[in-house]
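The two complexes that follow have chain A in common; it is paired with chain B in the first and with chain C in the second.
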Partner chain A sequence: MTNQSTKTVLMVIAAWVALIALPSLGHADKITDFIVFASAYGLLAMGLNLLIGYTGLISFGHAMFFASGAYGFGALMQSGAFAVPVAFLLSIGITSAIALLVGAICVRLSEIYFAFLTLAFQMFFHSILLSWVEVTGGDNGLLGGIPTPVFFGVDLSNHTHLYVFCVTVTLISILIMHRIVNSPFGYTLRMIRDNERRAIYLGVNVFAIKLTCFVLSAVFSSVGGIIMALFVSGAYPDFAFWTTSGEAIFMVMLGGVTHFLGPLLGAVILTGLNDVVITYTDHYGLFLGSIILIFALVLRKGVLDFVQPHRKRSKTKTSAEGASHAET
Partner chain B sequence: MELDALFSCLTSMSCLITQTTSGLIIGMLFFLVAAGLTLIFGVLGIVNFAHGAFYMAGAYFGYTIFQFTGSYAASVLGAGLGAAVLGVLFERFAIRRVYGENVLLQLLVCYGFVLVADDLVQIIWGSEYLSMGMPPAFRLPPFFVAGGVIPPFYVFIIGIAALIAAALWWLIERTQYGRIIRATSVNPTMVSALGIPTPLVYLSVFALGLFLAGLAGGLAAPIRALTPGMGFSVLIISFVITVIGGMGSVAGALVAALLIGLTRSFGSIGFPLFVDGMMYVLMGLVLVIKPTGLMGREEASRP
Partner chain C sequence: MSVRNKISRRRFLATSAMASVPLAAPGILKAQAADTIKVGMPTILSGVVSILGESSVAGAKLVFDEFNAQGGLDGREIELITRDSRAKPEEAAKTVRDLVNGEGCNIIIDAEASSGSFAVQEVIRGLGALCLHTVSEATPLSADPKLHVPTAFRSARQGIHDAIGGGAYAAEIAKEKGLKRWVTCSPDYAYGRTTTAEFMEYAQYFNGDIEVIGEAWPKLFQPDFTEVITRILQWKPDALYSALWGGDLVSFIDQANLYALFGQMETFSVNLGDYPVLKAVEQLPEGLRSGNRYNKSVPNTPENNAFYDAYVANSGSLPTNWSWENATGATFIVEALKEVGTDDPNQLAEAIKGRTIQSPFGVDGTLTMRAEDNTLVGYAVGYGVTTPQEPFITDFHTSSWDQILELEAEWKKRQGFA
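And then the complex of A and B:
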């Protein structure tokens, strides 16, 4: 176990070094923009996968937490009363509180009810963002930029500092998530997914575990939102719109639910695809919708689902609820 | 909160009548959409996330038919049939492939369909708001009842929707076809063992549900602005209604739709900014007190 986690830490450090070195190869701005963008959505999707892949709970409302992170952080920074790290932690706290409330109502429900109830809460949240103009700026979102005073020598208005900060935060979040899914808690999540009744008979407090996972998942998604807010220096109601949740679910599926890094890969692929498509056509929905239909009706599996070792793949096939299985 | 306004409305006969009428029309239109949603869930075990797109399609079909024929009856009928035909194609080529698959794939198929449908509508009809206008037959002076204002068109819509509700009840409870779909919702294997082609039953229920959604879109076209994506809010509200009424229960959908309709119409006076919020509060209360919904059967909550 210790050996394993040392290896993971080393891999994360290697990834950090590689990502920091990457922009020096040329096209620096294009590459850094893409990586920051993809890591914001990657965290949203990976956070969501804690629920979908590991616990078998399909949240269709996770854009709510993406937006609560972005708006919480943006509004706190605009108030001018907080340093970046404080606002960062406070906005995570705000998201946790919202997630605790929503989760307490939702996690008792079976899958389709859960999916639609989270969706309904997200639309409610979206309507609050639109109508609470004094805090959220209504339709326009948080305008006028998000001020980022220098902290510990880090100046987030500097492009390079921002890039390093975002990459670091993303990798640390991924490391924490990796620890979570490989902890006894993570294995309890898989047990609940595979056989909830057995978990209950073994004395697991399923409600508490699911709720904890819901809050954790929301927190990581909101960190993605904070990165997004920093990157665009604002927050927009679209962050909380249902299409953002839909895209996040598609990222998870596209990359592969059965793999820890699947959702991240899905986010990278979809973000890259978006960049290409938007330059060629206005009819983004038609294009994305067709891709999704082809994916869901023909491929049915994410990229990393195909590269699983044979042993695990056949195991997934035999179980009835196939695609919601995650192995690491 | 403008609770004073709400209170003075509740004590004034004219306001009470106006708001009740508008609550009824909102409720009855939502009932048509929610009835299809709940029927499809009850029989096929699928939540048709694309239901709103068929409502939208119905409204646009109705709009175009009305432009060409000038007949509101033809436009409403065409709206329903058009949505049903689209539904048959959607079932045949997409939904049929994910029956019994996990919910994630079902949601994804519907999500992809909604994106494509919204964009196609934008390509065909443009992205600006369209307004069909009131059909000439209904350009009549409103009725005045005890000081309340009731447009004749509202009376017509409420009447038609009530007729459809009665027909639906008769179809499900009193006909051979109704017995078959009720049996299929309980035990499809047994039904198919008795020699009834269940895939056809599924297809017909799907088409029936979308016929109702298209009909609602066509009926509502004269009083709603048409825009790509208009189906989504309708879907969310219909879903709230099916949860409150109990998934799979058509009668529950009727009660819940009227409840939501009245909540929205009186809420727009008493707490205009919290109308949507009130709806979710109602849903939350129902889920906490009776998770199967007002009239849901125990089986309705099966996974």
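And then the complex of A and C:
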């Protein structure tokens, strides 16, 4: 393991310890609820950013995979035939199969055509959720709650266990994504984003790389969906609606498209704003819209996109080795 | 340091501050009075159905204000904390968790539409708070034993009750007038499809001559009904049933008036009898058969008229079906609080289970929270005939609760719910 990898793993462990300790500061349930909710959307946004930020493919349909994770996990658990870890892995497998099929068609296209095709698939998926009432519950979603039998001593009906489980899953997912984007595969994604023709001339199988990224991106988004399903003990058609994809894109843009943790920060900010706005006013759209407008007019880019150059300039002054490269 | 750097740093600091405030604010800014009884209400306060939330809040507030004015519970007043879920089930679920865990609410009035209510039900199962579902009419919420939560109740209409009462009424009119060929026109989502199927099932149960010759399923919030209207006219039915509601129903009636549709067939509309709808229709046709939602003349008692007057004076708006349902939920809460003297959810649930309250909305002046499935019975079910002026609904035919309960029990057996 390289020094960089060791450092990353240690940082994730430190984050895990900090997050587990955080509720002891007070308002435990409120804080844990917020973190679990933000984690679910954070993984959706981070998964999406593998496509947007690292590959240059803007998907308008990624909520489809968020929903497939939630519905797959929920339906498998309701069947009573699977333990939590098995249902978890199977629902990821189901999402991968869907993503492989959808991605094989979509990644042949680029720019607006790719975006619209992913949107079309998402609406198709949303229609299936509404129509296939026997399996999905139609408009009402998966009813009756999601049973979570104890596994390895973990009882997800206990809120503390659920919190620790979600935090652990989220951090492991983030660690895996970090490894992916810093691997040769990750650098190939950037090359395709920056100059696809050049990548082809260098012998890169662009279709295969894009498709792999599409599936990986869907997998991490589906893990977000599973966390959400566990949190609300259900799955709803709204998870697959285009507005959820829109929110995920906004989280990516808000947090910063060029920084690895940007989408996670975007999810935290948007979820936090949402909590504040609905606490103090019924005019949700007006206030949130105004706040977002201020963000957009002042920053004109994501929060971490903005912070990163400052950090680089600071490092340039203090280190003879020069600034570290932007993580993208 | 260059000017550019100075500006950038200032911008950076401002941005950081903006980003951090929302995250810290929920925990530090909101100071609540410690000695109040907190009742949380997730509902829909924005978007095209915001009237749902507004009239729900107004209905509950009317009861709580009166309770507080009378001194509360040994001086402890009820504080109603509302949250906008924006009609998103996951937001409703999160909001309920926040109200219970963050705000300290032991009591939740769930004024969500059906999908949100099912989400709330599952959260309540885990949290153990007292919950009154005050809007959802979806029958399985309380009828399906798998969904049962001991501390959750429904103080709203239930689809199957209206279907039985409405079906019996429709069958009787059909026999009188020889209405055999029926068509339906309902919104294309779970509520519209379920309500329509149940209504027609019972209409045919009571009158075997009824035949459904066409079904139209306009999309929810569809602005243009021309295609639907022309299709209905082409079917040349004797009667039309519709579960359209709110703005969709207003648009449908206004547009159907242009085609003189209502002169060509008998129309049965389960959701027409709400003041905002009746007043929003440009030219309300005479003689439409309207299901009861809320009307101050149904039942026509001094108590119901007094509720109407107090509601209008308090909120400045006209009461809706959601208003009486939330007022009823709030009344059960207040009555239970008075009995047990604490806001402990389990004790309150015990007090509400099987409880009968005096109510202006009951057909016999009372409403009961049925113990076997924690749902409301005894409210006014039935149909009347529209008239363009106040009271808008006349010749109201009240359905028999003996008949409703008997057929509901059979229906539950068929569904495997009993």
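Going forward, the second predicted complex is superposed on the first by the 289 of 328 C-alpha atoms of A that agree within 3 Å, B and C clash if a C-alpha of one lies under 4 Å from a C-alpha of the other, contacts with A are read in each partner's own complex, and residues count from 1 in each chain.
The definition used in the following text is that a contact is a pair of C-beta atoms (placed from the backbone, for glycine too) under 8 Å apart; a residue touches a chain by one contact, two chains touch by 3 or more.
Computed from a predicted model, the values in this text were never measured in an experiment.
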item: Touching partner for A:234 - first (chain B), second (chain C), both, neither; value: second
item: Chain B versus chain C as contact partner of A:285, first or second or both or neither; value: both
item: First (chain B), second (chain C), both or neither touched by A:100; value: neither
item: Contacts of A:303 with chain B and chain C, given as first, second, both or neither; value: second
item: Partner chain in contact with A:295 - chain B first, chain C second, else both or neither; value: both
item: Partner chain(s) touched by A:145 [first = chain B, second = chain C, both, neither]; value: second
item: Touching both chain C and chain B, counted on chain A across the two superposed complexes; value: 283-285, 291, 295
item: For the chain A and chain C complex, residues of the former touching the latter; value: 26-27, 29-31, 33-34, 37, 130, 133, 138-141, 143-146, 157, 159, 228, 231-234, 236-239, 268-269, 272-273, 275-276, 278-280, 282-285, 291, 294-295, 298-299, 303, 306-307, 310
item: Chain C residues within the chain A interface of the complex; value: 8-9, 11-12, 14-15, 18-19, 22-23, 25-27, 30, 45-46, 53, 82-84, 86, 88-90, 93-95, 97-98, 101-102, 114-115, 118-119, 122-123, 125-126, 138, 140, 144, 146-147, 189-191
item: Residue ranges of chain A in contact with chain B within the complex; value: 52, 58, 60, 105, 108-113, 115-117, 119-121, 123-124, 127-128, 131, 242-243, 246, 249-250, 253, 257, 283-286, 288-293, 295-297, 300, 321-324
item: Touching residues (chain side chain B, partner chain A) in the complex; value: 47, 94, 97-98, 101-105, 107-109, 111-120, 122-123, 232-233, 236, 239-240, 243, 247, 273, 276-277, 280, 283-284, 287-288, 291, 301-303
